[in-house]
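Next, two complexes with subunit A in common: one pairs it with subunit B, the other with subunit C.
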Partner chain A sequence: MSEDREPKQPGFPAGRMMPGERRLEPPRWPGGRSQPPHGAFSVIGKRNRKVEGLAKVTGRALYTDDITLPRMLHAKLLRSSHAHARIRSVDASAALALPGVHAVITGKDLPACYGIIPWTEDEQALCEQKARYVGDPIAAVAADSELVAEEALRAIRVEYEPLPAVMDIETALAHPEWKVNEKAREGNVSKHVHLEFGDVDGALEQSDEVVEAEYWYEGSTHAAIEPHCALADFDATGFLTVYSATQVAHYLHRDLAKVLGLPTQRIRVVQPVIGGAFGGKSEPFSLEFCAAKLSMVTGRPVKILYTREEVFYAHRGRHPMRLRYRAGIRRDGTLTGVDAKIQIDGGAYSSYGLVTTYYSGQLLTAPYRMEAYRFDSTRYFTNKPCCGPKRGHGSVQPRFAFECQLDRLAERIGMDPIGVRRRNSIGADTQTVNGLRITSNGFLQCLDAVERAAGWKQKFRRLPYGRGVGVAGSMYISGTNYCIYPNEMPQSAVQLKLDRSGRATVFCGASDIGQGSDSVLAYIVCEELGLDLRDVRVVAADTDLAPVDLGSYSSRETFMAGNACLDAARRLRGWIAETLAALWGCAPAEVTLAGGVACSSRDPQRECMSVKDAFQLAEARHGTLGSVGWYQSPKLGGDYRGGTIGASPAYSFTAHVAEVGCDLETGFVKVATIWIAHDCGRALNPVAVEGQMEGSAYMGFAEALMEAHLFKPAAPGHGPGLHHGPSLLDYRIPTALDTPELRSIIVESVDPEGPYGAKEAGEGPLHPSIPAIANAIYDALGIRCERLPFDPPSILRLLRESDARAQWERARGQVGAAAGAGVAGRSAPC
Partner chain B sequence: MLTLPRFEWVQPRTLEELLEHLAEHARESLIVAGGTDAVPNLKHRLHEPRFVVHIGSIETLRFLRDEADGLHLGPLVTLSAIALDERVRRDFLALARAASLVAGPQLRNMGTLGGNLCLDTRCTYYNQTYFWRQALGFCLKKDGTVCHVVPAGKRCVAAHSSDLAPVLIALGAEVEIASLDPATRAMRRRWLGVDDFFVGDGVHNNVLEPGDVVTAVRVPAAARGLKAGYQKLRPRGAIDFPMLSVAFAARMKDGACEGARLVVSALAAKPRVVAGVDALVRGKPLDDEVAEALGLAAYKQCRPVANVPYDSDYRHEMVPVFVRRAVREARGAPGPVLAARGGT
Partner chain C sequence: MVCRLRVNGDAVACAVSPNTTLLEALRYGLGLTGSKQGCDKGDCGACTVMVDGEPVLSCITLAAACEGREIVTVEGLAKDGAPHPLQDAFDLAGGAQCGFCTPGVLMSAWALLRRIPNPSREEIALALSGNLCRCTGYTKIFEAVELAAARLREAPGR
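Showing the complex of A and B:
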């Protein structure tokens, strides 16, 4: 990652900004890595079960909170009642005196600052000088039970000096002297990025139509069903084990060492089964440090389980953003210039904010070619729980705004919105305006698929008032091409052990958060070595047992851990094939391993044996069977500061069509169906890919209609900043009854660098949800929803404020007229 | 996770045992049936009782009888049972519908009629954790002296949130209350209309005195022929408490209305029986014109405040819409009646 300030860790040469000038190069396989090991796939592409599925549905899966250790204590955190306050003193003597209380720690016990991005380490496990949002942790108590710990919290006296609170972007700008975060170099600015590619003003001037509009995304949170939980055990030898519901065991490992002052080799981080994360567990949190420190102080295991309320305070959810776009188009449908000004409400700390700020601009430049592009994004600190990465990090809000802009531009020139998207599709094997390398690209097939499945031509601008359809497209990364801290080591690694019993074990640091990375590793091993799914064990996300993988974020696991695993398995496969080829006198390429059987393709009846026997022969010939594989992305990205941020070895593409019906009396929008077509390169397991597509579309739909991370204003007697309703009763996510029909259509573009051609599927399919619904509401009602969420009061207000019905009539006429004049693309309604 | 406070568990087997316990300890007891409201409230420290009294083992409080004078329901009858019972669905579809619209299937399997009737009022400043409430400053409903909804207000405006009560009021149902006579220690029972059961104080919005227990609800036989409807405004298709609820019941003869009751709730501490309804409907068919007039009357009589987490102006605006829909439903165009189990 390229940045202007150097990280504080020692060991990185000054002036080195890019990791890996010379990068490791993965092995090349005859026929490439996108093809099956021999002829046809036997496991890949099949609707296999997930390896942990049965354990989950039968209640046997062990989540962090299911783990109980002998003599274990429970800890709770004391949290700030003020949105912004100096901490004058903390007196815990009364709490310590309570029976059953074993230890209390405060900010001075864990003074080191940490943060997921090495350039912006601005958090302490417990606030020492200042609390920056209601819920910021100040002290932690370890006690015999949660109840005793909770009672002890009430006995801790904190003397606050309340400070003016910054609750929104306007106040952050208006009062730079009300400094929320002392690490900000200027006022309340967390990060500012301004990048321009090409002559935007010139391109806009030469457009036939320019549309300018402002959009508002209200923040949202992940609402994973499992709350954060950590269990720390510091043993008598000085070894610390931390079990945590984290999606980044490796980064947590490093930060634990830093904050606790322990050597990394005396720390083990284990990620048990996770009950959902969605980006909300992708950095270290206060509870992990506090549980560890309390275990070190008491010499006993200590567990902290956040309440649902505390999960809302830990947050790291999607940023509120104000987005102003100017975009131009020529009458033939060519997109010209795009100019974006984006303000981001970051909350109290940096988190991934540096990346968020870049992503808010960098990830907009496909699937459409644009002649020139400029974005100016600024993230501000405010006295609210810290925002961070949520599924589709940084790019969901801009995608909402931009796809609505495209809808408006299409209408201005009287072109079908699918036609406009086709007209500007950037295509495969190309480069975006900001220097992102695009390889495989199935976007056009995605558009075709949703157009056909939704019956678009019969519906668009043709349904009665109150019903409508809308389209949107998007792209997303399959992992990033850099590690969060600069280094030249692989981004993912696998060790593969083959046993003479006929069993394989995959060791990998990859983090399965429900998306199925463990299963992907197992499928790959089964495909390469001809094993049954039950004969492969995956040992993952355990820093003692598995080699490093950077974790489950940026949709990187299938692509990166998958490639590492493919190489490890293929190496072993090579030895086995070589052994059998020597035995049978055939070529190694003629050896097939599938369905538990090894045979030659030449004479499979006679030249065959069980894979177990084959393993034993290979072991006798080559010694103990084990192999490693690793993944390091090629050097990618534009040659400018920040040019690597957003660069990915492969991009996924998605298109949605949403169909909505609106209740004109109540303003309720019912999303009837979302058709989702997603180019995932190759579906290693179609049912898992469909699950990700449905889950993504659901989550986007939820944000479109319901979710809003809101705070109570100040009132007489109390300051602002209390969360509006930190519970799943008041923070509403849609129930099964609210959820639309979700129709998934997998598109396979077979990426040349992905494992068997696979790309990501976990985050990309979320992006078009919100704008497809917004555009469908316009088709239904003639109103443009520019502020999220599209809740009933907002819809009624918009209907009332505008002459919606007349606008709706006009929009219908326009498409018809344009189609008649032959201007529209080939998808114009007939 | 959120902890329960310390309490003693009491589980009477008979009504007498329950009343005996309450005679001594009513003020320091919390009665729990299904626990769907009490347990989260305990975790939020909205109740900090010495005794949690579980009445689920008092089998005599669990009955559903169709008798000549009406439908008799015990307080332990679950919401699922009411939603699914053939007799209820045949004669009082609006009641079954209201029960089916409470929360979700699991909560309806546990939640009871008595619990729903005695449901604690709800407020965005009250149904929060201890931490949240102390960070804000406690309110007058619990531990404090001010109202955060109406800062100058002296009276709690937390919202009555029972789905069943508005329908029961519209149908003219009655509730039976039992207690021990403090002098004689003999059990005494009294009946009163469900509309008289509630009072306009959000802190404690019903007439129950310490020691009182709801022992039965009767929907009168006369209500069998009523045309009734229940409409609930909620953001989601399940789980949510009502943001607005409307119950309507009318007596019809030869296509003309003889009289009607319109109840609007979830706006204030007490369900509002809309005044002047008979004058608007008498002698008229339940047509759109009547529905419009009823909606307007209700709109004028309701003043929602920002007590529940939803736009209060919008809730006000929806009053006539939901009144019209309740009237349409009563007329014979019911919305979907959700099954108590299995979702739709």
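Showing the complex of A and C:
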């Protein structure tokens, strides 16, 4: 990621500005890394259990709040009741005088600014000068119990000077002088990106049809069922341990050092089992710094557990976006130019906003080839909880808008929407208009699969009024090309220890957030070394015990940690195979390790032993058995400022068909089924991949129809900025009754650089849900949903405001005519 | 005050305040951390436990109100060190991803299967509609309950 100024980072080398020309190169294995070590897979591709599964279902898995330390104190944060206010003074004397209160800290105790992106460090653990949203933390109290801490919060006197609050993009633009965030160089602009590839205006002029429309993507939040929790323990030697529900232990480690002024080597960050994250725990939060500081002040362990209400205010969820698209097409179905103008409501701080702004444009350039593309994206600061990365970071919103555009373009030229998508599929081993390298690509197979499974040809424009089907596609990254702070070190690393008892232990910084990354590491070790799943232990996400992995974000764990693990295991496998080959007088390639048995393929009956015996022989020959593996992506991306943002070593592809039924009286849309076809390269465990696909489609469905992260305007007795309903009742997330039937279809394109050919599955399959539903609603009712969520009032309004039924009739007639001309439903070769 | 409960078959006594919830008594008083706190106001279902055979939200139930009653938590489902068929089915079918809602889901599902040994999809969805899961999209949860139901019908007794 290239930016203007080099950030200063104590403790870790800042590295050079631009990534160097020479990058570490992964080892090359005979036959490549996408194939099994010998013959056929014995573990990979099987419907295996997860390594921590039984601990979770028996209630034995320890989450952060399940950990209690002796003499532990509980802390609470005092939060601003104003959306925007100068803090004149904070008087905690009355709070400190309460029995059971041990310490109070305020902004001046933790003055250092931090932020996940080194160029935009604009947050303090506790606000010192100014509060920027309702809920911005101002002080923290450590006490014997949460109840006493809460009582103490009420005794703290804060003198505020209220300032005008910027509650939306319009106000941010209209009042640049109401500066929300002083780090903004201009008005309330958090980040502006303008990039153009090819001659967009020329391409649009030479189009047969151009469609222009504006869309509004409402904000939403992660709502992981586990609230954020951190437990800090500063011991007598000056060593700090922080247990936290974080998905980025390494980045937290760095920021703790920076804010607390401690050397990094005296801090340990441990991620216990985590109760869901979805991007909502992918940067440091106030609670980690405050628990640590309070532990340093009191000399006792300190725990902070956010209430559900606090989780809503901590947020970092999906950015609301206003998106205006112009897109052109030729009569033969070729997509020409795409022009996007995007305004992003960022909330009070930067968070990942720099990346969000780039992603809002950069990740649209596949799976369809476009001749020319331009995007102009601006993120604005507003006095609301900060937005950040939610599953499908930055690209879900433009994907919604663009896939709706594509549906409109297809209709204009009388082509089947699946046919249009096939016609423009960018294919494998190519480059996008903005310079992203595409390797494996199973998008056409995804389209075929959903077309067939959904019975598309019998349903599209053929169902009775009120029922319809819609299609959408997408692509997503398998990890980012660079670390968030520039450096030349691996993005992921594994240390693998083999024990003469016949046991392997994988040490890796990777963060399992429920997606199963620990299990992926174990499967790989089992496949390479012939072990039983129960004989592999994974020690992960502990900065003391495991080598650095950058964490669970941008769908990087399977690809990057998986590759690191594959290399470590394959190195050990080589030593063992060599040892046995020498013993049996065969070639190392003839040695097989599978199912707990080592044997030669030549004479497996006589030349065989347990893998445990093989480990012992290898240890006698080579010394203690241990190895390392690491992953560093190749140099990728376009040769322009920002050209590396969006570059990934591999891209996943997805297609959805959604079928809906709409109640004309109530405006209620029921999504009956979503067919999800996803190209994950290779499914290392189909159960886990399907779980990611279903969970993604569910979350997209939720954003399409139900969720809205809204804030109240000023009301009597309170200024603006209160959350509309900060509870899991008022913020409506789907229950088992609301969720549609979800049908997963795995497509395997086998990526040459992925571990056994695997790519991501955790975020890509969210994207098409929303536009597939919107397009299905059009097929059902003849109305175009351009604003999220598609709730009953907005459906009824659209039905009222347009001649929906006539539009619906026209759309049907058009497909009939086009089919007669041999265009609609045409099946392209794969 | 002292609250006497029967938890997972054991008679236990727990020091509580009048405002201590059953969830707090279980988690912090008795060390039964399997039951989870996701919202603290009865919205998410992660705290679901069985009280006298009925699934109950322990975060909005006072411990004192459970005096003398029979409570089963997720820790009480496994017998003789072996997971309950329902737990095993969740593990096998991918019914737990992050696992945080799982203890509550399991208790609701267990209550359902005791009532209806062969539930339909609709009956499962209804029985679990008070338990929010954010990871799975519920599909693998339904499959796990159906798998467990089939296994329990073949080998009843749990």
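Basically, the second predicted complex is superposed on the first by the 812 of 830 C-alpha atoms of A that agree within 3 Å, B and C clash if a C-alpha of one lies under 4 Å from a C-alpha of the other, contacts with A are read in each partner's own complex, and residues count from 1 in each chain.
Just so we're on the same page, a residue touches a chain if its C-beta (ideal position, glycine included) is under 8 Å from a C-beta of that chain, and two chains touch if they have at least 3 such contacts.
Predicted model only: the values in this text are computed from it and were never measured.
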Partner chain in contact with A:Glu121 - subunit B first, subunit C second, else both or neither: neither
Partner, of subunit C and subunit B, that touches more residues belonging to subunit A: C
Partner chain(s) touched by A:Val134 [first = subunit B, second = subunit C, both, neither]: first
First (subunit B), second (subunit C), both or neither touched by A:Ala736: both
Subunit B versus subunit C as contact partner of A:Pro726, first or second or both or neither: first
Contacts of A:Asp407 with subunit B and subunit C, given as first, second, both or neither: neither
Touched partner set for A:Asp339, first subunit B, second subunit C, both or neither: neither
Partner chain in contact with A:Asp233 - subunit B first, subunit C second, else both or neither: neither
Partner chain(s) touched by A:Glu150 [first = subunit B, second = subunit C, both, neither]: first
Contacts of A:Leu796 with subunit B and subunit C, given as first, second, both or neither: first
Contact residues common to both interfaces of subunit A (with subunit B and with subunit C): 227, 305, 307-308, 727, 729, 735-737
Subunit B - residues contacting subunit A, complex: 1-6, 104, 124, 127-129, 131-132, 134-137, 146, 148, 151, 233, 235-241, 309, 311, 313-314, 317-318, 321, 343-344
Subunit A residues within the subunit C interface of the complex: 49-50, 52-63, 65-66, 68, 222-227, 273-278, 305, 307-308, 513-516, 687-688, 690-691, 694-699, 727-729, 733, 735-737, 739, 741-742, 744
Residue ranges of subunit A touching subunit B (in the complex, touch as defined): 79, 81-82, 134, 145-147, 150, 227, 305, 307-309, 665-666, 706, 712, 715-718, 722-727, 729-730, 732, 734-738, 791-793, 796
Touching residues (chain side subunit C, partner subunit A) in the complex: 27-28, 32-41, 43-44, 46, 73-75, 77-78, 83, 87-88, 90-103, 106, 124-126, 128-142
